[in-house]
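Two complexes are shown next, each including subunit A; its partner changes from subunit B in the first to subunit C in the second.
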Partner chain A sequence: MRVGRGLSRSSPRPYGRSRGRSQKVPWLYLAPALVLLGGLLVYPIYQLGLISFFEYTQAQVSGGEPTTFQGFGNYAELFSDSQFWQVLLATVVFAAACVVSTLAVGCALAVLLTRVRAVPRLALMLAALGAWATPAITGSTVWLFLFDPDFGPLNRLLGLGDYSWTYGRLSAFFLVLLEVVWCSFPFVMVTVYAGIRAVPAEVLEAAALDGASQWRIWRSVLTPMLRPILVVVTIQSVIWDFKVFTQIYVMTNGGGIAGQNLVLNVYAYQKAFASSQYSLGSAIGVVMLLILLAVTLVYLRLLRRQGEEI
Partner chain B sequence: MRSVTWFRRPWRLFAEASALLIAVVVAFPLYWMVLSAFKPAGEIESSEPRPWTAAPSLDSFRRVFEQNEFGRYFLNSLVVACSVVIVSALIAFLAATAVTRFRFRFRTTLLIMFLVAQMVPVEALTIPLFFLMRDFGQLNTLGSLILPHIAFSLPFAIWMLRGFVKAVPEALEEAAYIDGASRSRFLWQILFPLVFPGLVATSVFSFISAWNDFLFAKSFIISDTSQSTLPMALLVFYKPDEPDWGGVMAASTVMTIPVLIFFVLVQRRLVSGLGGAVKD
Partner chain C sequence: MKLAPRLAVLLTALAVTACAPQTSTNSSSDKDDKTGTLRVWLFQEVGNKPKEKVVDSVVTAFEKAHDGTKVDVEYIPVETRAQRVKAAFNDPASAPDVMEYGNTDTAGYVKDGGLLDVTKEFGDWTESKDTDPTARQSVTVAGKVYGAPFYVGVRALYYRTDVFEELGLEVPRTMAELATTAREIRAAKPELYGLVVGGAYTYGAMPFVWANGGELATGKGDSYTSAIDSAAARKGIKAYTSLFGDDNCPAAKCAGMGGNDTITAFAAGKAGMAIGGDFSHAAVEAGKVKGKYAVVPLPGVKAGSVAPAFAGGNNIGVLKSTSHRTLAVQLMEQLASKKTQASMFEAMGFLPTFGDVREKAAAEKPYVKPFVETLASGTKFVPASPAWSEIDSSLVLPTMLQEVISGKKDVAGATGDAARKMDEAFGSAG
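Entry: the complex of A and B
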């Protein structure tokens, strides 16, 4: 859920003039959505799992060779490849760094927004909306240009001469991180800001009247009230940042020198579409799917613990 | 604003100065993109880049639009994004109505499934989707981009619309039926206009995901370049060894502007939509 409209507490009442009819009508309304999701989401997930258990390369795609069942052969091959573990580690560390930075920047600026008058607030809001609206691919090219060793303004500003950011592994990841944070903090900022504004003024006044300090109000009043929103933006950021593709692909030119900047998503793409090892690519996809499914389960548990009912 | 009252004055000035400074920093990449698009070639490829230009020129834009069929790519992108926005909004509206206005078996299960569906890394599905599109002869067509994006934008759109549909008072529905309105009449002539602002806020997300899409375009449009979309056209100018920065920045500007316009148009609804989304 990108923006939870909370999980509702009130339950819908049956409408419908006749009971029998109202049992059919909702399914009629749901039919187009279910057909599309079944055909383009559920079925491909099933296929993804299936392909990962077969030998599926260029020869099988063109029909030259029969597909053979491999069992866990593809997974065994994947897990014995040291590059896979290196990419997995890089993906987890990179996503974690992106999530932490995005949340820190987004929350800090949301608080800042509540402390300033209309003009600076509007300025920051508009700038953030601009960054939010920028397509990932143009954002990537623009940030590359900003840090270009020959013609970019940032190297001049920082006095770095013709230092190439994309050459080193860490500096390339750092450059991508900057772009990712730039284009994803606005969502966090706007959502958290809306959440802070939604806290009733009386609650804050009551706390202030009871002699609570600023810090105390933050810790004991606002943070608990904002918890559901913080859970939503955190989970959403984890999911977005874990599957970054465009930024890595464009900024490091397909995964960096000798694949040093690969993350799982780009790795799967390269395996499948660049080297035609569709089954290995699918196995990587299944690994990603399982990791994000685990994150989702944690999320559902957190929601349940908050006592919210769907 | 109330929060200002618990804040001392010099601190507020400091906060406002930082807010403005941060706004400038955040907006700088976009400013530099537009600026570079208008700079003449000599100024772009200079080792002393300046944050202004003395002689704005349209050369880069001319180069972009002269490149084979850039206009066509632009149109393709527009067709894909608009189809996705319209179709997914209609389908999501129907589905959101079903799950908020009716009580039926498996309703909660369905809602949880919509929630889980939002978490699926759709990029991981590129491989099976590629074969699916191939089997249905959809490779190299815009349909191969439109269909998956409609499907993938649905779960989130349904979740977000639920709140908007629920906000319409139930009494209104009862009154409509008492007045003799049919179910479909209520749905399209009463409920739909009332939920429309919510549809607009939701459509921002489906528009962006379709307009920005790079992975599907790269994977499904493999040989027929007349069906390419903007991201691929942009990469024509971006050759890693010797990028034509003027062209890249001009193409990026052209690609960013429609999204910016869309954002500015729905900005108020978006923020209030998110506000509503978190208040509940």
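Entry: the complex of A and C
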């Protein structure tokens, strides 16, 4: 970005005919990508937004009843539903907990990777890649089995008897959090590890010679240097964890006892597909999209203000 | 920055050109071809072979009777039926002509515009006069008939004869005795659930409401009002939810269970009693408790009475989009005929929907006697409103039960909330 901008600034401004041409050429090059993005991204979002303004249930889809324009009716219904706010709050808190835990575990293990010998490093890498490669459904089922009150080995190990992890709201969320962290820390770990490897060894050596502790090096040397990478993994994690679906759906059986473990994505699914209220589900989808966009934009803006470019 | 106005123009253009999301033109087909291929969707059961055999013989006879007609039967998995049926309604070209469907879905499918009104044909069909009233109700929406009943299913009380004998217990004759017996079993044998119950087992809980004089909803046709928060219904909910506890079925384990989980627990020998259907017979027979259990109708509030059971079951209907109207209706009648139902009972144990056929079946196979008795003493059905599918799939009742069981709300609060949600659904669907 910076390089490109610098060039265009220093090169003399083209006048006349050539100006028009040079404006078109980049668009021409971009066209294939834009068409693809338009088809795969803009069109579905456009449909999502469109549906959210109509009364659109199974009866409308299959032509049993005419579609009627609702304006912001679906949104009004959603915002007046106390369960929606409760689910939204749970989603935000749960996603935040997942992001913090994932980043902490991922970064800690990345630093660990740089400090150990080849064999343990390989073992840790393989274990992490295994977790990463495991499909979410398989992972969730295995975690559920590990914590099963009747047959799970973990309760026996911890001496908890037949304690049911999925019964209480917090313990069920905690169980899902463990699985989410388990399957998403490898991405953070590998990315941050690659970033640390790219940091010149002299810098770290100098810091070590100055007597900095491992924590100090991480905080004052690595974090500033790795900022662009950390930004990317944080945004990725926020988006992933905010949209978590499979783990909740599988591990709490579609939202837990009396819907206590619902998160927005599962809630949208229940509305859209279980109850066939596609329009309400779409409205939830649009709200999620806006929240995620807002979070990402605010985060990027904050970084800009600190003078960082990514 | 120049992009913004262009984008705005583009978006406006899009919004103007396409003003509504897509809908399928699923109007009834005017065609009534007398030859060609009829497509049929039936449910894939656990152990489907015997069902296929019965269906094959019906199909062969039908093809022989109608020259130039071919019948193409497909068995669809029960778990994914909702998606399949939705897809069929959305795309008439790939839809079947005749299909089997769960009777609680009738009103919803009618509202979706998927099922053909066969009131006249059903009335003209000689066998239909023997159809029992509950089964007839399950294909009727607002006075019109949308299919033929295929089989009924009811639930009754399974109990372990060996456990009862060992502990010297009597078979409970009232709902109060049921609870005390359950606790006695649990007290004497802590490794067993007394009566295994599930927080997500709506149709196991409803008999408690009905036996206490409560109703799911009152009304007719288009205007239903929830009655789940009435005093009588609350009494039933209280009776059912009080069974969740360390003295019978610990909430931490049982709150999340559904109907199948309770049957699995009973079949594995982990429970003294369970509420199971005639359709659960095969599963229990295949379990550890084979030969060590018996079935009686679920007792009601007064001694000697039977708690009204939910009349579940499946129907066979014709899709509105069929291009073989006459043939499809005839095939529906053949698939749901007395003869087919009798052989289907032989093959699969599905209870016939005709009173006379059912009596004959009970005489042949003693195990169906308690279920036939339950049917005879009166059953209940869910409100014949399109809103029911929504209430069912948005888990209003399991949520209500689980809120009480987990202590999040008291009976009054939970039933009040459930009634509000049901009324909302009735209101928006009506």
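The rule we apply is simple: the second predicted complex is superposed on the first by the 244 of 310 C-alpha atoms of A that agree within 3 Å, B and C clash if a C-alpha of one lies under 4 Å from a C-alpha of the other, contacts with A are read in each partner's own complex, and residues count from 1 in each chain.
The working rule: contacts are C-beta pairs under 8 Å (C-beta built on N, C-alpha and C of every residue); 3 or more make two chains touch, one makes a residue touch a chain.
If you're wondering where the values come from, they're calculated on a predicted model, not measured in any experiment.
S.K.: Figure out whether A:Gly281 sits in contact with subunit B (first) or subunit C (second), or with both, or with neither.
M.R.: It touches subunit B, and subunit C stays clear.
S.K.: One more residue to check, A:Leu41. First (subunit B), second (subunit C), both or neither?
M.R.: first
S.K.: Between subunit B and subunit C, whom does A:Pro153 touch in the aligned arrangement: first, second, both, or neither?
M.R.: A:Pro153: touches subunit B, not subunit C.
S.K.: Have a look at where A:Ile51 lands relative to subunit B and subunit C in the superposition and call it first, second, both or neither.
M.R.: both
S.K.: Quick check on the superposed pair: does A:Ile239 touch subunit B, subunit C, both, or neither? Answer first, second, both or neither.
M.R.: After superposition on chain A, A:Ile239 lies in contact with subunit B alone.
S.K.: Figure out whether A:Arg115 sits in contact with subunit B (first) or subunit C (second), or with both, or with neither.
M.R.: first
S.K.: Under the stated touch criterion, which partner chain does A:Asn253 make contact with: subunit B (first), subunit C (second), both, or neither?
M.R.: Both: A:Asn253 reaches subunit B and subunit C.
S.K.: Any idea whether subunit B or subunit C touches more of subunit A?
M.R.: Residues of subunit A touched, subunit B against subunit C: more for B.
S.K.: Can you list the residues of subunit A that meet both subunit B and subunit C?
M.R.: 47, 51, 253
S.K.: Where on subunit A does subunit B make contact in their complex?
M.R.: Subunit A residues touching subunit B: 1-6, 8, 10-17, 22-23, 25-27, 29-30, 32-34, 36-37, 39-41, 43-45, 47-48, 51, 109, 112-117, 119-121, 123-139, 141-143, 145-146, 148, 150-153, 156, 182, 190-191, 194-195, 197-198, 201, 204, 208, 214, 228-229, 232, 239, 242-243, 245-246, 249-250, 253, 265, 268-269, 272-273, 278, 281-282, 284-286, 288-289, 292-293, 295-296, 299-300, 310.
S.K.: Quick check on the complex: what are the subunit B residues that touch subunit A?
M.R.: Within the complex, subunit B contacts subunit A at residues 1-4, 6-7, 11-12, 15-16, 18-20, 22-24, 26-27, 29-30, 32-33, 36, 44-49, 51, 91-92, 94-95, 97-104, 107-108, 110-112, 115-132, 147-148, 150-152, 154-156, 158-160, 162-163, 166, 170, 173, 177, 183, 205, 208, 211-212, 214-215, 219, 231, 234-235, 238, 240, 245, 248-249, 252-253, 255-256, 259-260, 262-264, 267, 270-271, 273-280.
S.K.: In the complex formed with subunit C, which residues of subunit A make contact?
M.R.: Contact set of subunit A toward subunit C: 46-47, 50-51, 54, 56, 58-67, 69, 149, 162-164, 166-167, 253-254, 257-260, 270-271, 274-277.
S.K.: If you look only at subunit C, which of its residues touch subunit A in the complex?
M.R.: Residues 14, 18, 20-27, 86, 89-90, 108, 111-114, 199, 251-253, 255-256, 386, 389-390, 393-395, 398-400, 402-403, 405-406, 408 of subunit C touch subunit A in their complex.
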